[in-house]
Amino acid sequence: MQRIRGMMRDRAAEMLRSGSVSKVLGWEKGEFAYDETPAIFTSADELCSDNELGGLVYDGFSSAMLSKYLINATKKDKEGKAPKALVFLKPCDSYSFAHLLKERKVERENVYAVGVECRGMLDIEKIRLKGAKSIKSVEESGDSVNVSSFTKDYTFPRGEVLLEKCVTCKGLDFKYCDEVIGGGNEINWNRLDRFAGVEMIEEMTPEERFNFWRGELSRCIRCNACRNACPVCSCNKCVFDNTDSGVQSKANADSFEENMFHIIRAFHVAGRCTDCGECSRVCPRNIPLQLLNRKFIKDIDALYGEYQAGEDIEQKSPLTDYQFGDAEPSVIYKRGGGV
Amino acid sequence: MFVCWCGSNIAATVDVEAVTEAVRTEPGVVVATNSQYMCSEGWQSSIRNAVAEHKLTGIVVCACSPRMHEPTFRKAAAAAGMNPYMVEIANIREQCSWIHKDKPEATEKAIILARAAVAKLNLDKPLTAGESPVTKRALVIGGGIAGIQTALDIADAGYEVDIVEKSPTIGGKMAMLDKTFPTLDCSACILTPKMVDAAAAEKISLYTYSEVESVKGFVGNFTVEIRKHARSVNSELCTGCGVCMEKCPSKKTKSEFNQGLSNRSAIYIPFAQAIPNVPVIDREACIKFQTGKCGVCEKVCTAKAVDYEQQDEIVTKQYGAIVAATGFNPIKLDNFDEFAYSQSPDVITSLEFERLCNAAGPTKGHVVRPSDHEEPKTIVFVQCVGSRSTVDCGKTYCSKICCMYTAKHAMLLREKYPGTEVYVFYIDVRTPGKSFDEFYRRAVEEYNVHYVKGMVGKVAPEDGHLRVQASDLIADKQIIIDADLVVLAPAIEPDPSARALGTMLTASMDTNDFFTEAHPKLRPVESPTAGIFLSGVCQGPKDIPDTVAQAGAAASKVIGLLSKDKLIGNPCVAECNEPLCNGCSACELVCPYGAITYEEKPVFDHGVRETRRVASVNEALCQGCGACTVTCPSGAMDLKGFTNLQIMAEVDAICR
Amino acid sequence: MLKLSISKTGELFAELSAARALYLPVEGGGQTTFSRYTPEADVRLDVLNTARSVKDFFLPQTEDIVAFKRAGKKISIIEDRASDEPFAVFGVRACDARSLDVMDRVFLSDPVDTFYKGRRENGVVISLACSEPAETCFCGVFGIDSAEPQGDVVASIVGDTLCWEAKTPAGEKLTETVKDVFSPASAEDEAAAEAQKKTTREIMRQLPLAGLKIDNWGSDELLEKFNSPIWGKLYQGCIGCGTCTYVCPTCQCYDIQDFDTGHGVKRFRCWDSCMYSDFTLMAHGNPRTSQLERFRQRFMHKLVYFPANNDGMFSCVGCGRCVAKCPISMNIAKVIRALEVRTNG
Amino acid sequence: MPVHVDEKKWAADITLSSGANVKKCMKCGKCSGACPNYAEMDIHPHKFVSMINDCDVSALLASKSIWKCLSCFACVERCPRDVKPANIIEAVRTRVLAPQGQNRLTPEGLPKFIKDLGEDAEKIPQQLLASAFRKYSR
Amino acid sequence: MPIDEKGTFRPKIVAFCCNWCSYAGADLAGSSRLNYPADIKIIRVPCSCRVNPLFMLRAFQRGADGVIMCGCHPGDCHYTSGNYFARRRMTLLFGMLDYLGIEKGRTRVEWVSAAEGQKFAGTMNQFAETVKSLGECRRIEDLRCKESVG
């Protein structure tokens, strides 16, 4: 990772110095071992600084996706000129980047996309749940993660403290990148089937499903982190924020609104969701939101043929496409269990 | 708020007074009244008075289906100086009084429906319909008598019209016929002049051997791609001398025109009077195309018209109106084993019989058995082969023309060959039409045709004859006839090209693939899709007089449309709220009319001024389906007259 | 000071919950949050920060204010206040306990928010001293002693013993109802408790955020801070969600909305976040049109405007929830540090 | 035409058990035209259809035709309206057989059953016995 | 729970019908005097593709016990393709509702042509029966909308 970081710094600094790009989207070091923040660097010095705060970093906590920042970062200025930005993209981020290209939220010529090798990102919550308190540092070494705290040191197998979205990683291909730093598209950790969670819920009785989701969604505090982190939820104004939409709501005043917000959000991104897993990652209440989006992905794959948003930006997304012989909605009634 | 009794249609099951009272206190309602017949002129004038007196800005009418009287009430509103789109109708007849028996229940429902209409009206905004120009040219698809007549009539009114015909010549089925009922005049004699007129008319362009490839646009502004199949003969150069056909060594192809009763060459014109008189090369049959060796036609053509390199050509043209005149075919008889059609050459269809009778046909008009070219002595006609049938291989409808042409055939036979015995097996003889029954009676009374009420159960080839076993229901006996020739009257069905065309035109079709008319009685020559008109059998079985009449009617509708300079559009079109638009293109992808385009535009969004890529709706193209509104994730797209808020208000009112 | 063996807390909770609703940290869905006590509840007294703060009980996320009912063309007003049921919250940490002071400043000063006041009067706060602060804690920066929180009753866990000390009349009244489960604490107990406090304070001093300097914040710094170019850099990662606001124990902004129920209108208030683009949206638009301004507003409010209007009281209590929960790990600590480090050096 | 009440019920029973819809008949006579054993019948296939429609059942029950029908289903096959005359004939036939065997045609009862038919016994097509048997032992 | 004087449960059912086929089919059912329960109220939309999943949820929020959408048969859409999009949307939405444990019988899509008055009435009777058997919708409701006050 240190090596990769070095290459990233070199490349980005070179691009900034030569003026090929005017900004670099990367991650910046934080207060702790794990609180990296997405940052926009405009000078090579800033990018390469190793101050207490600052400087481009890349390690197991560079989990925040940068793709969505491109929307603002490449906006035209008053003279109508769009700045060109270099962005570092992990494999899953590159799909989201591609989707933004597809929906014309970002223009390809304004971006220099650099893919960066990913070995799965770490989940500080999981590390805490494993008992680590007052964390001082987190070091990755091979297949293990060494955590030291003010009182004690710990070592965890890497696979056990990966972010949920990485445990179910959809692959390490890069899409629409100008170049790739590092590489290796072999997933070398124990990956779980990304639809296993969905299947588990599908196998429940309707009653159980209902109770499961009530339990999960009732925790929602409507902070909108899922929506705002989502690379696909990039509406200028969300229907839930728009007082004229008829469905505006700021807080879940009723359990209905908890459901409504998440159903509609999932529906609005259905056929567009790149399955990046940011929604689950950012949820402060640990709601497995990805399971909603994946349900749509699974149904779409089964009913209309496999579709991966961000794979091919020329391909029509399933909800803007149709076939004469598409399944009737009654396929749902025929599925096992319940009325 | 106006509640209609519709005589007793509504008032019998809905307490009209109660509805009136219940809605009186709804927000926004200032007047609530009821009357016997809202649609009557008298009441419409009292609506006008109410509008004037109370300065109404909107009207809710609780009455019959909006599909019935919405235009009436809109007109009344407009006459009263209101915006006609500030009218909402609660359907308390078709969807309430007529289906419910319990008066309190029906009344309760009527009140809820009325409230929903009020809720919607409260959010209505005055709408103004857009206008779109009309391209003053019509397209007729199909070059049979229906298409020719339609085109001639349109051209006669001074408008340009194109005919697209998929076969090499115009003329259609009528060109194959011998005589026509009930006057027995020669089909060719009356058709050919029309074909010539069509070819000669300055305003008519013929696209033969061509098919419609795609249709885009909408009433007044269609863009059509026409595929001109490669004839392999240059029409400009060809003199129609016919030497190529004479010399062509490939002469083994069944003649489509003669219903396979004779052969034709690979380079051919379907029949002598074909228009245009330019041959085509059937590339499947052509030795040159199949093996590369031959080229005789090219060599013998002094005009140098033969062109093996010719490619299909796509012509794109604009039209204001399109007429479907795609005609019919007799059904295939493969599944009617009992009549031995595929076993014996002497069992023929009536269209084959037409060719046998025809002086220009394969037998020069001598009616002979195809098997041995002997003159038949006993001829059996079987009616309703596949018509009026509810089993898989048949058609449920009556094919309408068979009774009359069979009478004609029987009569012609008896006239030409007085020595023959002619039997006609019928279920019913249907002769509604001027001089039709008289015609049929002549066959029976003057020509001694044996009409037997009953059906043939079996035809079996036996020693060079055909053993026809049938029932005679009047005599209540089974009869066996030793026939020489059996003529079947197959059901007719729409041309198979109609289905695909229907999809292209977005014109609806019934289960039999006949085009559906906009109204079975009042708008019989229009498709429900604006700008699409119907001519001939593609709409339903009909004979020549009916076809010509309908062709004229379709033409007059087209002329009516083309005579307008502008069309008033549907104001209920999509609308983009630009500050909300994300520029994601989803709406563009689902719009069936290509009505949405994207443009870079300055947008002022709550204090922020930016240049954004936003959707823009072409109101002339938009037909108001609303597909875009649901696809749009941000809710930027909305549909005027059916806005998100309006539909939700209706939902709210209904669920209250 | 009273004491109780840790193994007997069940009895205490049962006793407390008999006469009033008792809320305490309970685990569920992988997180610990204040939930109503039931004998089955998985009570977690070891967990430092609940996912949601104590403000839920005094300023709930949504709260009905008034309703309007329509009958025909008449509208009647219905004041349908949720009854002010007595309740107690157990396990409130020092930071959350202090947050109520901040909230009181806002809601109990003129004009008094009667909804908040009602809940305040009916709620008893039983705080719990910290013994194992996390790296995200920085309450000390705001002068809060996590070892000795404020509250109506202050509890602490020393070894296997739960210590209990009423600090206010309300706390004493509550203690009176449950005094039977306790025994008086001995001098050793007191000593052990004091020793633990010392240790805790020592850990606090060593935490990474302990060194945050807050002295150059406050009312005097307004323009200098406001105009700092550093904001332009800091805000860039902010995705404009409301996580920090909603997990924050002192964020008290709310919106008032109407909900048309079909039978009438319910007017309710609900939390709002200055991070949202539609916060304080008015007919003419939004006074803060960019995320930079919104981002700056939140921190300027906590660290400059609030103290300016409230005798120097910061409206941050250093609980560290935003530090742990921000999707992009931007937080008030980084802001304090960045503006300190960079404006000075 | 006045119809005996029982006949009405019989007609309904026969219609039900045959699965045929006599209302669909358009009286084309193709069934009778197709019938290979027409000559042997006193009442012809098309009349079965119309007589059931008219509830004229007793004549059918007495008809020779029910023993003459070959169950070749030519009429069913040819009928353009999917009326199923042969099924009606079979239903009439079983209507005759049912009361005779009371409730069940068993192998043991077969000799007596044939004997009871007397003269007609020889004329019973083998196929009919088999099909009646099949139906009744179900 | 809405109960009539006979003590039977009266569900609230919203039917979205496209103007060209299903609404006309409903009219035909009316002019053919084919009875179906008064619990069903029809909302006219230009095309089934105008039906936003939001509207369906809205109906449930406002206390509907069942929501049905009718459109032209596939291939017959007045706007060529509207019902195809609607079909995909509704299929996915219903799958999601089922996934959330909402009873499947409460939602339905049926294609009804202008000629199918019989089918319209039959479908409505059937759907009303299913919804009735499921009882009042509890799993996706907004309590605020059910209260008699406010």
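What to note about this one:
Per-chain numbering from 1; labels A, B, C, D and E assigned in written order.
Just so it is clear, contacts are C-beta pairs under 8 Å (C-beta built on N, C-alpha and C of every residue); 3 or more make two chains touch, one makes a residue touch a chain.
Quick caveat: nothing in here was measured; it's all calculated off a predicted structure.
Fewest steps needed to get from chain A to chain B, stepping only to touching chains, is 1. Any chain touching chain A that also touches chain C appears here: B, E.
In terms of the distance between Cα centroids, chain D is separated most widely from C.
The interface with the greater number of C-beta contacts, when B-E is set against B-D, is B-E.
Comparing each chain's Cα centroid with the centroid of every protein Cα atom identifies chain E as the most central. Our note on geometry: chain C versus chain D, Cα centroid distance of 89 Å, whole angstroms. Here the CA centre of chain D is 47 Å from the CA centre of chain E. Taking each chain's centre as the mean of its C-alpha atoms, chain B lies 72 Å from chain C.
Remark: chain A and chain E have CA centroids separated by 37 Å (rounded to whole angstrom). Residues of chain D in contact with at least two other chains: none. In chain C, the residues that reach two or more other chains under the touch definition are 259, 262-263, 281. For chain A, the set of residues touching two or more other chains reads 237, 239, 242, 246-247, 253, 319-320.
The complete set of chain-chain contacts reads A-B, A-C, A-E, B-C, B-D, B-E, C-E. On chain B, the positions that touch chain A within their shared complex are 579-586, 589-590, 598, 605, 610-613, 631, 633-635, 644-645, 648. Per the touch definition, chain C reaches chain E in the complex via residues 64, 67-69, 78, 80, 259, 261-266.
Contact residues of chain B toward chain C in the complex are 25, 27, 606-608, 652-653, 655-656. Put simply, chain E touches chain A in their complex at residues 53-54, 57-58, 60-61, 74-75, 81, 84-85, 87-105, 107-109, 130, 133-134, 139-144.
On the chain A side of its complex with chain B, the touching residues are 75-76, 80, 103-105, 234-239, 242, 244-247, 268-269, 316-317, 319-321.
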